[in-house]
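Right, I'll just put the structure down here and ask away after.
A, B, C and D are the chain letters, set down in written order, and residue numbers restart from 1 in every chain.
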């Protein structure tokens, strides 16, 4: 019984959202606001369970060594909500923001160099004489594609220079990349619709095998 | 105090993360571990900033009886419904997210259909956009179009039926032609990101404090 | 017979390299056929008995024992347990663990970081001294801004500027604000109007300030209407629907989609295309670029956005970063070029029966980045 | 007559979007209702992902990271189930964790469902760690000790009380990481775990993310790549357990054909109207 009601509500809400195809309308707006409200409260439960309870309260309750220190980040976390405090003190929230910005920046610096720049550079240095002409051609195209794209994004080049002319090759590769990425995205979006349709005709109307 | 302290905090925390990457020795290694845990706890609260502004926005709209204010009532209906079933589940079970709790049912009934249908709408929009915008106006647009069509057809079983080598060609376009350009773009973006991060750590970029 | 002996189950241990201490790396070799699990035990110097120390994963035959104390000697013993038998491997000398001051395996990252960092900082200093002295290519989309605003004014239509869905800390949003400043100046000069719907409240306040300054600098501070920069909603598709509505109602002559966008990008770009506006897009969201390229007249592709904002603002920090990245690209290109040529020669040599160069080539690559297992 | 002709090409050049929506709806619904089946061809990147898991021994431990939410569920949930079936079939032990806040319940549901199919026991064969904010920070600290961030599992039970976790401390004890990605976290797994800790990674990504993930495949930073619903269908074919992925393939095929048709028609219209 409970399951059935749940599926009927879910099916109805699905149709509400689909009504957007006809244009922005009150039914769609109703569903949209319901969604936003529901997910907002969902985040509250998340922060409680995973941040406050599991990461701060539980270790302190278990008297783990050093766990009392966890109150400090908890305090700075609350500071994020600067608008809860009198305007005069709201600048303190910048301390928490600065903390996350600093760590984020440090992580990006390391991650991009170690995880992207160096390995991708290494993977582009491909020998063009491997004994297999097929691989040779592919390697050549990969090297040219990368080099030409990098040249396209070289902003110190002057109009009409040889570098500028070569960068035209880059735009060809970039367009092919965007095209194939577009094709893949079409696939992704269509899959999502298929998922919803199978829900409607399977879980709700029981015409086909449900999810 | 208002600007200097945040700049110092950004510098110190960024520096800890970078230096402890190279120096595993005490105090840096353990310091990194603790800093990252603190980071995670503070970051948890950024989720709340969005919730906070949303609630405020809708309270304001209801007070001012702004046009469409009754949607704010819908917002709060969803909000309190989720909050109540969430709290009930927290009190009843150690894990409110476990299948079987009423919180989970709420999620399945409301959140899944709404969120996934919103994205499913994109299938219609992407079809209409491809029809409208994919015109062979220039050489660039033509290349984009051809690559898109090859991948679209080559990535589904129909492509194989059309021409058995089409899936292979689609894979080749992706693995070789697409890959090189995407790598070039990614390297460029990564350089920009590292430059931006260094600017942040060194206090040259301060827009986030304004 | 010798072959059989060489394949006997054996164990070795050493201080875990490049770590903060308190860990010993244990390896086992020639794991016997049919082994179900390998138990590890260790003997502390001065003790009499071996104590349990966990399991060694069979898939790699290696584990780090992180429960040791620095400076104390340990002996390890591996016990490979098969269905109805077991094999034992023991070590000869004691090992101790110790912390290291520098992680040698990460030297390449450090070199890169120092070189790139100093290049960027030097350029920022140079740009501070002489911002006009650093050359950056002018992008066609920038010329188009003038044209788009002009034509829009001629038709008596407003200009729409959408700043994307990210907050103020996103590089794309920051670049978007610089471009907004330029658009704002043009709009003020032509006496037109700019509509600026927002997703993020902080971006909204910043955009108001930016436009106010832009109108003032153009000599028309009174022409700026604060209500044209407004907050729309905090929900992705709600925002898309709202902007769509604005496009259909106000029929802007020029649309700027500048900033970080998500899946809604294609809804916005398509509606803009269908009302026949000149569209100038720019985003650092690589996944959304294809839609903009297909549906917009001019697109700033990723990094081009940052270059454009540096070009417009001439801010040393932006200019310096772009020039620094440019120099880094040149270096990378040279490394790729030299590497490919050397690799090709090495490949030819290898086919000719001389593998030495190929070995050097592979060593060099290994230095750049450690390969996956 | 000429007037009429031009009208036709104009119409072709600007078909009303309602008609497009209708046709797309039909070509997706019909194959589902008719229960059309399609076979898929296996692409090399999915095969290498499959072979990676196939090469694991029983009792090896893998991490599966749920980095998506209901919006991308139709693409990634079939991958989750297929990979879980493959892993449990081989008696590989699974640790599940989540980095997208709204993804935990669907991930848990998939895990429990497949675990039940194979009679697996919680704590012995699989563990659910739950969610932590701070993605990259969590990934890095887990390389030192998983318990730094996860003292307990999602149910507040200490990790040490689960038999399968007793000897699992960091990535050294993890045979493989499988990331199911709808956003940038796949890149984070590669950059902060793959490169830093030399960890083997297989990614399953949505179609949108596929383009950005291929460079990591070519550079060997990931061992395999499963892209979109088609990738899921390929994986289901490889483990011979058809699921949602294969069910959707016929509709997928027809929708793509319809969209390509629209593109072709649009271009014909464009050239015919422009010629005049």
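As a working rule, a residue touches a chain if its C-beta (ideal position, glycine included) is under 8 Å from a C-beta of that chain, and two chains touch if they have at least 3 such contacts.
Since this is a predicted model, take the numbers as computed values, not measurements.
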Pair joined by more contacting C-beta pairs (A-C or C-D): A-C
Greatest separation from chain C - chain, by CA centre: D
Euclidean distance of C-alpha centroids - chain A vs chain D, Å: 14
Chain C and chain D, separation of their C-alpha mean positions in angstrom: 22
Where chain B and chain C are represented by their mean Cα positions, the distance between them in whole Å: 14
Residue list for chain C, restricted to those that touch at least two other chains: 106, 109, 113, 116, 169, 234, 237, 263, 286-287, 290-291, 293-294, 301-303, 329, 332, 369
Residues of chain B engaged with two or more neighbouring chains: 18, 21, 29, 36-37, 39-41, 43-44, 46-47, 50, 54, 95, 97, 107-108, 111-112, 115-116, 118-119, 121-128, 130, 132, 134, 140-141, 144-145, 148-149, 152, 155-156, 174-175, 178-179, 182-183, 185-188, 191, 193-194, 196, 198, 208
Contacts with two or more other chains, residues of chain A listed in rising order: 20-21, 32, 35-36, 39, 42-43, 46, 50-51, 55, 101, 103, 107, 109-110, 112-114, 116-117, 119-124, 142-143, 146-147, 150, 153, 174-175, 177-182, 184-187, 189-190, 192-193, 195-196
Interface residues, chain C side, partner chain A - complex: 106, 108-109, 112-113, 116, 135-137, 169, 234-235, 237-238, 241, 244-245, 287, 289-291, 293-294, 301-304, 307, 322-323, 326, 329-330, 332-333, 335-337, 339-340, 343-348, 351, 361, 365, 368-369
Residues on chain B engaged by chain A in the complex (per definition of touch): 1-2, 5-7, 9-18, 21, 34-52, 54-56, 68, 71-72, 74-83, 86-87, 90, 95-97, 103, 105-127, 130, 140-141, 143-152, 155-156, 170, 172-188, 190-191, 193-194, 196-198, 200-201, 208-209
List of chain D residues in touch with chain A within their complex: 21, 24, 28-29, 32-33, 35, 71-75, 101-102, 130-133, 136-137, 140, 149, 151-152, 156, 187-188, 190-192, 194-196, 206-208, 210-211, 215, 218-221, 227-230, 244, 247-248, 251-252, 255-256, 259
Interface residues, chain B side, partner chain D - complex: 29, 32-33, 36-37, 39-41, 43-44, 46-47, 94-95, 97-99, 104, 107-108, 111-112, 115-116, 118-119, 123-124, 126-128, 130-132, 134-137, 145, 148-149, 152-153, 155-158, 160, 167, 171, 174-175, 178-179, 182-183, 186
Of chain B, residues touching chain C in the complex: 18, 21-26, 28-30, 50, 53-54, 57, 118-119, 121-122, 125-126, 128-130, 132-134, 140-141, 144, 148, 182, 185-189, 191-196, 198-199, 202, 204-205, 207-208, 210
